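The first chain written gets the first letter, and so on, giving A, B, C and D; residue counts start at 1 in each chain.
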Amino acid sequence: MTSDNRWQTSRRVEFGDTDMAGIVHFSRFFLWMEAAETDYLRSRGLAVHWHEAGVTQGFPRVSVSCDYKAAAHFEDILDIAITLERIGTKSITWEFVFTHGGTPIAVGKMTSVYCYNRGGKMESAEIPPELRAKLGAAGA
Amino acid sequence: MTSDNRWQTSRRVEFGDTDMAGIVHFSRFFLWMEAAETDYLRSRGLAVHWHEAGVTQGFPRVSVSCDYKAAAHFEDILDIAITLERIGTKSITWEFVFTHGGTPIAVGKMTSVYCYNRGGKMESAEIPPELRAKLGAAGA
Amino acid sequence: MTSDNRWQTSRRVEFGDTDMAGIVHFSRFFLWMEAAETDYLRSRGLAVHWHEAGVTQGFPRVSVSCDYKAAAHFEDILDIAITLERIGTKSITWEFVFTHGGTPIAVGKMTSVYCYNRGGKMESAEIPPELRAKLGAAGA
Amino acid sequence: MTSDNRWQTSRRVEFGDTDMAGIVHFSRFFLWMEAAETDYLRSRGLAVHWHEAGVTQGFPRVSVSCDYKAAAHFEDILDIAITLERIGTKSITWEFVFTHGGTPIAVGKMTSVYCYNRGGKMESAEIPPELRAKLGAAGA
């Protein structure tokens, strides 16, 4: 489901996501943020990394963070609310709110920079207007 | 090697740490931060999670972040400088500076809260004086 | 959907599942086998690891394998057909067939041993009749 | 240290390698096999994936397995003895023996196929004589 610059998805905690403290390992939330970002981008016909007419384009991350509110456990279904908070000239910033049955579990942030590549290195660039239009709602 | 509240370690980038963009996946830096934290704690006779006299103690994370400066690649040896920036009443804050041959790759932060458990849930608590003394240098 | 000792599930390949060869890293199939096993067990009201009346029970793995037929790529939806091939006295053996749009991708096997624990170490044991009945079809 | 077709390395179990059963997650052994393979190949001036004169070459896996003998725990140092068991026409087979303080932990196998690529798909090929010579001892 979507509305403008938001999307909602969910993921189940797998056994391999837990650690010996009996809870989800803190690093896993970043994999779920990425999966949620992919869900959002797919919903707009986009991807986090793609090839088109010989050019590789993508959104490598420049900054990520996560604040943990409560532990998540094996077989919990985590709801993930993703918001495209900001579309800058070259970068975009996401917020991810993880809840379990309404209880806050974690809040993540991720800033990615638009980059493209014609055979050499990935270089940052201004987000083209057509990509900008697809990414977010009007006026975003 | 150590000096007061610092430690230096290194990790090699393995093939499984890379992604289809040909660089280290951003999430891996959190695993290396944890490994570096373990190295530091071991150097003081401590661990990130332990059992002692029937009590489980540990430092679950409450907040983590990473800023990426440059990509890291397969077989790079990453140097990791870890600093125990702050020892608060209940929490500690780490900084991790990743470099490769002197080039800045990433800077991570991690705040963990001291918790213990006598059979039920992990609960936060004041860091006991003897643990505080082991963690950092005098005056830290 | 289910029939006797079979179950069918699917997983999408996430960006973090790929490696610098541009395909899914071979180790990820084991995480999907485990997730598929969890799906199967859930469909029978079971889990791969659980606590009940002060006893920890589970199915740690004793042997796993995977044969790779073709590469899987970012955003592919992998169909996973899971079969509980054998219920022995103490162990169970799973087969997992991964396909993508009908194309064979990989075939995995996993043998797990029933273990339980009353406060000390996990020890293998005969699978109790009620667990055996839940696990598979009549006569399995 | 090396002798003909053998190599010895080690890895420490990190906190993030454990699961809620309190032991190393079974999937991690495959990452350590890969790291050990990289160690071996490096010792011969080789890699598991490389670019040379516009050609990508590598050893994607076609079959892997692991038998688990005993659990490994957080902070254990695992010794890994790697043997290049067989160099076939197109494929190579590795054996990995994991021990902890002399106690057998796991035995892994991995068969990889030599592939190369001139801009399209990776295709299997006969292992060139100079690569064969570097891989193993005479007569291997």
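The definition used in the following text is that a contact is a pair of C-beta atoms (placed from the backbone, for glycine too) under 8 Å apart; a residue touches a chain by one contact, two chains touch by 3 or more.
This is a predicted model, so every value here is computed, not measured.
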item: Chain pair showing more contacts of the two, C-D and B-C; value: C-D
item: Label of the chain whose CA centroid is most distant from the centroid of chain C; value: B
item: Chain centre separation (chain A, chain C; CA means) in Å; value: 28
item: Distance between the centres, which are taken as Cα means, of chain D and chain C, whole angstrom; value: 24
item: Chain centre separation (chain B, chain C; CA means) in Å; value: 33
item: Touching two or more other chains - residues of chain D; value: 15-16, 20-21, 23, 27, 31, 34, 49, 74
item: In the complex with chain B, residue positions of chain D that touch it; value: 12, 14-16, 31, 34-35, 38, 42, 47-49, 74-75
item: Chain B residues within the chain C interface of the complex; value: 15-16, 18-23, 25, 27, 74
item: In the complex with chain C, residue positions of chain D that touch it; value: 20-21, 23, 26-27, 30-31, 34, 49, 58, 60-68, 71, 122
